[in-house]
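Read the structure below first, then the notes.
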Amino acid sequence: MKKLAGIVVFTVGLILLYGVSSLDDFPSWGTPDSPANKSPLSQYFIKNTIVDTEVPNMVTAVLADYRGYDTMFETVVIFVAGLGIFAVVRVFEHGGASRVVTADTKPDIIITNTCRLLIPLIQLFALYVLAHGHSSPGGGFQGGVIMGASFILVALAWDLDIALKRFSEKQAFICSGIGILIYAGFGLASVFLGEEFLNYGIIHKILPGVDSPEMARYYAMLGVEIGVMFTVTSIMFLIYGLLATRGKMTAGL
Amino acid sequence: MEEFIQSRFNYWIYVILMMIGLWGMISKNNLIKKLIGMSIFQTAIILFYVSVAVKSETANIPILPHHGHDYSPKIAFAHAVSDDHENGGHDDHAGHQAHPVGPKIPDPDGYANPLPHVLMLTAIVVGVATLGLALAITQKIYREYGTLEEDQLLEKVRADDHG
Amino acid sequence: MIDLFHLSLGGISCAIVTWLSSDFLFRNDCKGIGTRFVEAGRFLLYCFWLLWQIILANIHVLKLALASNNQEMRPQMVRFRTSLRSEFARYVFANSITLTPGTVTLSVEGDKFVVHAISQKVADELPGEMEKRVAKIFDQE
Amino acid sequence: MEIVAATLILLGIVFFFGAVIGLLRFPDFFTRMHAAGKGDTLSTVLIIGGFILYNFSQGGDAANWNVLVKLCFIAIFIMLTSPTSTHALMKAGYESGNDPETLDDEEPEEKEENVS
Amino acid sequence: MEIYSIKPLLAFLAPLLGLVFINLLRKKPNWREGATFVAAFTQCGIVFSMLPDALAGNYHVFTFLEILPDVHIRLRADPMGMIFAMVASTLWIVTTLYGIGYMRGLKEHAQTRFFSFFAVSLGATIGVAFAANLFTLYLFYEMLSLATFPLVTHHQDRDARGGGRTYLTYLLGTSVAFALPAIIFIYAKTGSAVDFLSPEVLGAQIDPVMGGILLLMLVFGFAKSGLMPFHSWLPGAMVAPTPVSALLHAVAVVKVGVFCVIRVYTGVFDQDLLQSLDIGVIVTYFAAFTVLISSLIALSQDNLKRRLAFSTIGQLGYITVGVSMLSSGALSGVESPQAMTGSILHIAMHACGKITLFFCAGAIFVASGCKYISQLDGIGRRMPFTMIAFLIGALSVIGLPPTGGVISKWFLIMGALEAKYLFVMVILLTSSFLNIIYLLPIAVRAFFIPKNEGAFHGSVKEAPWQCVVPLCVTAVLSVLLFFFSGPLLELCSSSADFLKPR
Amino acid sequence: MVEHAPVLLMVVPLLAAVFCALLGLRWKALCLPLTIIGFIAALYFSVITFLQVSASSDHQVIYFLGGWNASEFPRGVGIEYRVDLLNGMLLIVIAAVALLAAIFSKQFVSMETPGKEPQYYALFLLLAVGLMGMTITADAFNLYVLLEVSSLTSYALIAMGSRRASVAAFQYLIMGTIGASFYLLGVGYLYIKTGSLNMQGIHDILIGEGLLESPAVYVAFLLIFVGVWIKLAFFPLSTWLPNAYSRAPTATGCIIAPLMTKVSVYIMLRIMLTVFGPEYVYDELSWSGPMVWIAVVAIIAGSILALGQKDLRRMLSYLIIAEVGYMVGGAWLLAPGGMARGESLYSTATGLVGTGYHIISDAAMTLCLFLAVGAMIVKAGSSRIEDMKGLFRKCPVTMACFVVGALAMIGVPPTCGFFSKWYLISGAFEAGRWEFAAALIISSLVNAVLFFRIIEFAYFGKLPEVDDAHGHHQRHDEGGMEENPPSMLVPLVLASVALIAIGLFNKEIAGYLSQFLNTVAMGGQG
Amino acid sequence: MIFAFDFIILLFLIPVAIVALQLKDLLAAAMVFGIYSFLMCLLWAEMGAVDVAFTEAAVGAGVSAVFMIATIFNTKRNSSD
């Protein structure tokens, strides 16, 4: 078995090396002249994101607008992961179920106090990452992960029960669903306004104070990212809760 | 030779990392080890994509310095369209001439290619989703069989099949 | 990038965080806003003192690390009871101890502190002046 | 200004260096944690301070203020988290039965330890 | 001349409609059997109503749909199909009556299922008879295989299981393994599923070697013809209730097999191609071999039905031999060869004779419970009608006057002479002789040897009238065919006219 | 709304899934109706899309998501959907299969995964969404994302089952991730050589810039195909399939088994024809010889392994491997050099028509069989073949449907299995690949043996309660009948009717497929 | 683009990856895997992919490590290989 694995691995490696090693075929690393970098597609993105969408961060613009559909399904992937993990590990033990015995159930004063100080900051940072994702690295997903991490931190510093009091399992599910609904809602809104799915430009017709499709895209992207954040935050927390408690959702790590 | 190494180094390392990851996935006995291998594998692929996007020396991160709104949307939009379609998107100087007071067009060589970055954001998300699900399945396996070693596991499954 | 839209986003973010976790940051509401500002001011002063202490201690540890023979190294556990009453004050104290190189708070249970010190010199300084200064911040002398 | 900044950064590196030496030389888990956990706090803060000064020296328009605030936040963050993490690690080590090498019993240096 | 008409379809659908009613009326046995009768008479009526047109050379044609590009499911009542359809539908009526007697006499279970699948089988048989092209033929051929499976395994016991397994393995196996690829190959070559009226389509596309292989694949693919290496399903299928053996395994199914073989020879390959196929001789040899060996095996069988089954295999061999001689070069230039006529005629003649024999075997079983020939000593006195019918049937199968078998055998032997296949003639004669040896003694024993101990219960009487009447009818039919074979002969020779170059 | 049908057919079930997960928390009973509504909507929109496609002049409907229209912007700036005749049909099949499986699963979900109905149905919907997206997307990376959506849902759906299911799901996950990652990597190689992610765009650049001989493209091809082969369980890479499919919860098996591999085969076909193009796949590579041989091995191995199984679902799983061999072999039947000789794809690709047709018919067959087997397992209490005794008497309708499915699998006319074999074998003859035809015939025979064995058990085995008490009696036929509830029977009967319907309308379907190939050939030239 | 920096991190990645796979203590392996992710994230940031690096920092070095540790905590810490 190990031998077979070795053979497979080396074959794959050789094939890949064969692919990248040909000097006149495979573009060198970092050359601006590679077909990928010279292609109209890449050039279009660099040149036109700002005029199409008013968003300086090309990655965000491409992510949330040009390839917004991908991102919608990226969110769905997260949602699927949450649902799937719930479906796989969640056990329902009503009544006198034994709590998971943990190494130290008593919260430590130093840690809890640090977390008390940090968690609001982390959450603020998460929101900053989300809101500022248009002009600096970041966006809904990163913000969502950080936000989720803040709740995970609560669970780590105190106890999952405490965390669940702030953000219960049910709320997590609802938030994750709402995130996708927000995303798909933007898409459907553009459908109802007579354009293609996720063609945010048209939303300027109903958005007060926005007169150009470009700005509409700008704002819609923010809205979409908020949707992503909702889903990611809640699912990250949910996954942590489920994994840390073997699906019992009480006490735990 | 130095040139050769330097121009491919990223790719070679990615291949090696991928081999390591694949080897971990296939031949490791412990399920969590397999998952670590899987993550290494996926990360190596992301490395590949990110390497594709690099434009050495000349390029900046794909975020425009936001000096107000000096990219005039309306004109630039029309220009961009005509530019890309009549000149195949390669010649932006012509665009400048066509619009003497025209907008500032970002230089395509001045920024890293944003598209692979976008793709890889998605890939990372997919990776973490897969990892989470796999860990959940691992926990379920442990709950049912009490072991995470593949050989013991397969034996127990076989016993299940016969029993 | 400072425009109305982003400012309002910032405002909204703050509001959201307040709504989400204000009860974390301010656990008891009995203190007035004035007290809090005063405490913050004192805390800032304390920080500068602490930074100085940290530098001193760091040099000490550096010396320890670089010394050819570890004569001065006397790892030991120091146990003592603190006079600080509020939990947050104890927390600040414990963190300060940890921040100063050479001493690390191992556990805080009630008013009992267990501190691990790396040398006799730093062990002797405990709880010492630091506790007093912390107490001063929070009016707990 | 730039010279001060460079000095601060250098100083930070010196403290880092000390921490690394300590990490290598100290006899047991706890003492090593002293070196590792604290050396970097000060040095990071110093280095960040150097960055701040350097940043100022480049002229102060809005973007740099932006950077300044971010750097300050990082420094505060490290000051806040570093002692906590050190504490958590030490405590975990203490409670998992890793007896610290204390004044009373001088032990040989090659003591098996568990990093995590 | 082709007439677009719905009649062939109706003939096919009549049993299927019957099936619906049989199932609807499953709670009322008498009504249910009534439905079967109605279906049988309807079918028979429809088939015979097409006879005048068929004799006049006007073929009724019905096209279902274009199921594959350029492949239609098409039914056509041409003379050869007419003969077969007439035989099958006529005998269905008789068999139904017999079946009722048999099933009720033995208090068999699942009678609704029995009659349902019986009807489906008959539908499929008619479908085969009227199939106008190779694809349609294959379709109904497979339908018949599957529809008869529940009948073969009717008893649902260990024997039935084994028999059924062999049955399906051989029939489905050969058809899927040989016939289907051949048909698909022909389709791939010609873009159509050769219509039986235009065999030259294939001839233009194919070289002799490939043609020979195709011929072999098709002949052996239609294993219902009982050609020797693939014959053992037939004795295996004898576990079925006797009406099934009688109608299906003496008439419908096996005749479908040889019918398919005849179709292959006459409808798929045109004469020029056939003449050039040296490999076709193999079929003749195999068939001759089958005739001889099966007769020898039949001699050694004590089980009456099995003996009859092997006899059937031999008789099927006659038909195959007759038709396979078409592929020898000797017949070139001969219009409507006599062997061909003999073959087609033998379908009808043998059907009447053999069904009589099976009916008798069944009647004996119903009346006395005897399955073995050695138990039959003296039974002729208790069951005179049955055993006289048996005698007539045996004569017909052997080919002695005054029964229909003589005529077809005559044509076959003349055909062999015509094709200068002397060894075929010798084998046919030898086989007839063997037929005498293994069939006549049964009747002789039944009448002349006194009853010995433990053979059958003393109280054996004739079987129920529903059993006896049919077997008398078929026996009489066998005799009548000898005297009134005119229309049949006419049909046969017009069938053989297929071979004329058009 | 009509012009948005290509996207609505995914968005509506997606929303249904979300609502299912949300409302299900409070009202569990809402889940199934929501699922069914979602799939009915999907079916409706698929049919509309297909009608649009067949009505359009160039037989395809292109939908630009986000409005990044290729006529105004460079191709591939946005993501586009491209529905042609083949994937239009496939959409309908997916929606219909999912609908039937959802109805069927009613009895099982609460039994096999208690308390998790909302999640189950949500995942179920999302699986179908992912599969539908995979079929119609024209963007190579979007395909990856949707592939992962469907894969993750299927891992979860399988792992929800018994304890053995979780191990199988883990193996599946590892293999699936390797496959998907290889695919992603292959797309990366293509991207670096062409700079495009749009399938048609990649193809145009490959042809236009003469990249057909580039090693990187070759490696991309290898990687993508190995990835896809893992996903579709092509023989040597199929080790995960039997475990995963046979141990999955019954309801899960009913949707995964019919759809996953078939859609993956379609993906392979699509990549062959659209991304690399027949010029590359058939002419440049000339892999047809070895590929068909591997397919032959796959068919034979799948069939023989199936022979050795005692468990009904496991047997079916091995048969899926054989069926995959049919389709892969059929897709590669085209002789190398044909394109260069100027033969149009349209006139020489009966094998491809057969593959396309078999994708559809195999989806229906597998659905019918898995549904029937699910229903049989309920009645027999186990999935072992020996335990199927006497089922004909107990549940005749179920067994009749099973027999129809079995006949289709064997390839008996007029079921669809016969016609797909017909096309495949005639394609093999056309290409002169005798071994492939022989393998198909052998597999048919083995299938006959396999299914016949089961039917035998079900038909002959005596039930304890039906004995001489009822024997020799007219009412014997009805004795001991306990048919499954209508929620199981209706989908089952519909599925078996569909088998015959697909068979009878094979000419129309094949016509669409030829038309599709014609379009591909046109696109390849243009 | 700083080639040396890139070079060093890349070279460093390989041993880290191998160690992550070879450690018998799963918790340690998970931590080393976190280091691997973090190195990757540095590398990407250096290559100009800031968004990707940011995400990897949050996900690879953060959340996935936490998930892994949670699982290891709930299952078994030692592996046979």
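Letters A, B, C, D, E, F and G mark the chains as written, and numbering starts fresh at 1 in each.
Note that a contact is a pair of C-beta atoms (placed from the backbone, for glycine too) under 8 Å apart; a residue touches a chain by one contact, two chains touch by 3 or more.
As the structure is a prediction and not an experimental result, all values here were calculated from the model.
Student: What are the mutual neighbours of chain B and chain E in this structure?
Tutor: Intersection of chain B and chain E contact lists gives F.
Student: Shortest hop count from chain D to chain E along touching chains?
Tutor: The fewest steps needed to get from chain D to chain E is 3.
Student: Which chain wins if you rank chains by how close their C-alpha centre is to the centre of all protein C-alpha atoms?
Tutor: Measuring from the global C-alpha mean, the nearest chain centre belongs to F.
Student: Just curious, how far off is chain D from chain A if you go by their C-alpha centres, in Å?
Tutor: That gives a centre separation of 31 Å.
Student: In whole angstrom, how far does the Cα centroid of chain A sit from the Cα centroid of chain B?
Tutor: 15
Student: Taking each chain's centre as the mean of its CA atoms, how far is chain D from chain G in angstrom?
Tutor: 21
Student: Can you tell me which residues of chain D touch two or more of the remaining chains?
Tutor: Where chain D meets two or more other chains at a single residue, that happens at 80, 83-84, 87, 91.
Student: Going through chain B residue by residue, note those that touch at least 2 other chains and give them in order.
Tutor: 6, 9-10, 16, 18, 22-23, 51-57, 59, 61-63, 66, 84, 89, 115-117, 119, 121-122, 125-126, 128-130, 132-133, 135-140
Student: By the touch rule stated above, which residues of chain C touch at least two different other chains?
Tutor: Chain C, residues with two or more chain partners: 1, 94-95, 98, 105, 107.
Student: Applying the document's contact rule, which stretches of chain F touch chain E when the two form their complex?
Tutor: 350, 407, 410-414, 419, 421-422, 425-426, 429-430, 437, 441, 444-445, 448-449, 452, 456, 459-460, 462, 471-474, 476-477, 504, 506-507, 510-511
Student: In their shared complex, at which residues does chain B touch chain A?
Tutor: Touch list, chain B to chain A: 4, 6-12, 15-16, 18-19, 22-23, 26-27, 51-59, 61-66, 69, 71-73, 76-77, 80, 83-84, 88-90, 92, 103, 105-111, 113-119, 121-122, 125-126, 128-130, 132-133, 135-137, 139-140, 143.
Student: What does chain E use to touch chain F in their complex?
Tutor: Listed in rising order, the residues of chain E that touch chain F are 26-27, 29, 65-69, 107-113, 138-139, 142-143, 146, 150, 153, 156-157, 160-161, 164-165, 168-169, 172-173, 176-177, 180-181, 184-185, 187-189.
Student: Residue numbers of chain F touching chain B in their complex, please.
Tutor: 72-74, 141, 144-145, 148, 152, 155-156, 159, 163-164, 166-167, 169-170, 173-174, 177-178, 181, 184-185, 188, 191-192, 197
Student: Would you pull the chain F residues touching chain A in the complex into a rising list?
Tutor: 1, 4, 7-8, 11, 14-15, 18-19, 21-22, 25, 63-68, 73-74, 76-79, 113, 115-116, 119-120, 122-123, 126, 129-130, 133, 139, 141-142, 145-146, 148-149, 152-153, 155-157, 159-160, 166, 185, 189, 191-197, 205, 209, 214-216, 218-220, 222-223
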